[in-house]
Amino acid sequence: MNAVTGSAAARCAPAWRAPLIVLAVGLVAWWVLPDQLGLVTRLAVTALLVLSLDLVVGIAGLATLGHAALFGAGAYAAGTFALRMHPDPLLGLAVGVGAGALLALASGAFLLRYSGFTFLMLTVAVAQIVLSLAQKGRDWTGGDDGLTGFTMAPLLGRFAFDMEGRTAALYAIAVLAAGLYLARRVVDSPFGLAVRGIHENRARMAALGTPVFARLLAMYTVAGALAGAAGALSAQTNAIVGMDSLSFALSAELLVMLILGGAGRLTGALIGALVFTLLHHTAASINPYHWLFIVGAALMVVVLLPPQKAWNWLRARMGATT
Amino acid sequence: MTAVLETRALDKRFGGLHVTRGVSLQLNAGDRLALIGPNGAGKTTFVNLVSGVLAPSAGQVMLAGEDVTRRTQAQRVRAGLARTFQITTLAPHLPVQRQVELALFEREGLTGRAWRSIDAYPLLAAEARALLGDFGLAAHAGLATERLAYGEQRLVEMALAIALRPRVLLLDEPMAGVPQGEGARLLAALAALPADLAVLIIEHDMDLVFRFARRIVVLAEGAVLADGTPDQIRRDPMVRAAYLGA
Amino acid sequence: MQTLLNIGIDGIAYGMVLFVIAVGLSVTLGLMRFVNLSHGAFAMIGGYAAALLTREAHWNFWLALPVAVLGTALIGALLEALVLRHLYKRSELEQVLFTIGLAFFLIALTNALAGPQVQLITLPPLLAQSVDLGFRTLPAQRLLVIAAGLLVAAGAAWTMARTRFGIWLRAAVDHADTASTLGIPIRTVQCASFAVGAALAGLGGVLGAELMPLEPYYALKYLVLVLVVVAVGGMGSIMGSLVAALSLGTIETASKYLASEWGSLFFFVAMAAMLALRPHGLLKR
């Protein structure tokens, strides 16, 4: 992004560029891999979810291990809506977005009063509380058996969700592109710049008159909306919602995907999600534990590389703008 | 005329430590006031109390006649109070130009806007560039602040405060840590501050103090020891004993 | 009434296990500022060692226990001296990433070496029976756990307050550079503290094997609970960890007995409340 010499700050890339690339790549994948559309859909959903995490971790600088709660809230809300109210996918998507945003707003109002390790642990607490509530409310959520029994109506009234997953994959890719566009615009706006400023130096932003708490809460809510969208997509394209969508393991995996893909630039989130979901998919089909060998070794190697080189590389990954 | 900044018996205790003892001070538009005193006298604490970083144990802070004692730091900034920090407090990875634009966005109340790109505000971008030019930083506009020389970072610190178009400016040791050669531009910037701005500066550099200030307040052990013109202060026996004599 | 007593005993026992495992993490986090998310793996290693020694090699439990604990200490010391010490200067995030990676790696390694099934520790007949305390009988195993926890707490407090090592440790934490110029062997202190923490975790893994089954995912599965205890108790506060572990352990046990369909809700609500009211730790200001 930036200048070694610098008589002007680099301009932001147009917001439509990255989403257009995503659409193009997605369409090519859809065309070229008709037997793997389930995987393509899962990639799109995971990418959207890690993207939402990037807003919280990479942009706002809030390390969280409870992001799965926002995803799960969207998933269960959309699934319940389809089951009990109306099977239209776009309405369900809106419900999922709303559920994620609402949970983020409510929990954020409490969580953002804290920072650092305390904040991190409280995000874990909130997520586990949501998980426990979901387990208790098994009449609504299906408990450990999961929420099932809903079938989605055709998308836009015309495109039915077919067995091969063609509609589902295109739907997921489209929502991902839209989400990326929204995220890009938000991050490159004065609001986004202020949040990035808060990330880098809270005291400085307070000295400029920024209402820090309000800005962070707003960004957290936007992230919740996108996570909820990912959840709704997951529910609708799989026709099932399980307890693992609220799990601590998922939150931790998302964080690892984001950091290794590069936090703070939005595109890194997509790359991290892509690479690691593919690796996971390949390794897991051989032996579930092999995946852990690979990612564990990768993490350790990445951190242990010669300090200068690793430091620059890692700093770039963590969103330094120079 | 109402003072643009006034503190009334401002008091602060940390447990048993009485750090600020009933400091009453008035600042009018256009004032150039230097706050001096030995280390530990409570100068930075005073600035923290005025700017809202700390809450007082007793006393009031008034901005243009309004009681802002209960207001947050951000609210006071919006009411016209700006400050710089003794230790440079900048967003390390943001380009300098973006930092200044951020101050301008904040001043104009635009940081709640989440759709239009930051590149779509040409007037503010131009103002930012002009301000950087005034401070001689135009050539570095695109660099991340952490890449600037320390003296230049202190200049950015000051530029950000000026960008907010405050009525009152609190400068906490602007020359602190600035190497010999880099001080000239800072001094020039100080001289070029708007005439109607009320400025309170904390400094240890006595040359700068006597050159810049039209009024000096001496703080010792948290209380005001003396308040007068530079000449009066120079001749005050109590001040000489407590501080200047050494 | 009987239920209440059961809850009390089981709760305290559970709390003691959490405490013993958490102590090492609290020390490294609070005193060495090192975020070690692979800490759960030490508990796992200790438990696995005891299980394999008693079940496969048919060792006596009372021999296997100290050997397992010492073995874990040795592994911890080696890990610290060879690898982890290079990370003390790195950022928190890097420490988190590395230690999560290490935990993942150890989970996969454990599975590769010992398979995915739960490991059982063969208890000696002494522990399998119940002890008659007069007002009621208790499983001997529970008594051992509680006694061990109390010993660890007392030992830790005494070490910190009375021994040279404890003073060294506190000095090394507050001012590492000054401490070394005063002749305090910083590296030894760091390595030894880490090793002791690992050993205690291993001990906890053995003591808690009934409540927290030993299988490859153990390293991360119970990490959350341990982190909670450290956070609520306050980083570096041994007594804080004890109080946090006992209160949270009892709440969790009570909810298992009385309201099991609510899962761990009360545990996390209590945790959030305690942390919200006392963000720096239960016993700190």
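Going by the order they are written in, the chains are A, B and C; count residues from 1 in each one.
Please note the rule applied: contacts are C-beta pairs under 8 Å (C-beta built on N, C-alpha and C of every residue); 3 or more make two chains touch, one makes a residue touch a chain.
Computed from a prediction, not measured in an experiment: that's the story for all the values here.
Student: Starting from the defined contact criterion, work out which chains touch subunit A and subunit B both, please.
Tutor: none
Student: Of every pair of chains, which is linked by the largest number of C-beta contacts?
Tutor: A-B
Student: Based on mean C-alpha positions, which chain is nearest the centroid of every protein C-alpha shown?
Tutor: Smallest centre-to-centre distance to the global C-alpha mean: chain A.
Student: Could you state the distance in Å from the CA-based centre of subunit A to that of subunit B?
Tutor: Measuring from centre to centre gives 41 Å for this pair.
Student: Starting from the mean Cα coordinates of subunit A and subunit C, work out the distance between those two points in Å.
Tutor: It comes to 33 Å between the two C-alpha centres.
Student: Averaging only over C-alpha atoms, locate the centres of subunit B and subunit C and give their separation in whole Å.
Tutor: So the centre of subunit B lies 50 Å away from the centre of subunit C.
Student: Which subunit B residues qualify as touching subunit A in the complex?
Tutor: It is residues 51, 53, 73-75, 77-78, 82-83, 85, 89-99, 101-103, 105-107, 110-119, 121, 138-144, 147, 160-161, 164 of subunit B that touch subunit A.
Student: Touching residues of subunit A toward subunit B in the complex: what are they?
Tutor: Touching subunit B: residues 2-3, 5-12, 15, 185-186, 188-194, 196-197, 199-201, 203-212, 215, 218, 222, 319-322 of subunit A.
Student: Hey, which residues of subunit C end up touching subunit A in the complex?
Tutor: 83, 86-87, 90, 93-94, 97-98, 100-109, 111-112, 116, 216, 220, 224, 227-228, 231-232, 235, 261-265, 267-269, 271-272, 275-276, 279-280
Student: Considering the complex alone, what residue numbers of subunit A touch subunit C?
Tutor: For subunit A paired with subunit C, touching residues are 63, 110, 113-114, 117-118, 121-122, 124-126, 128-129, 131-133, 135-136, 248-249, 252, 256, 259, 289-290, 292-293, 295-300, 302-304, 314, 318.
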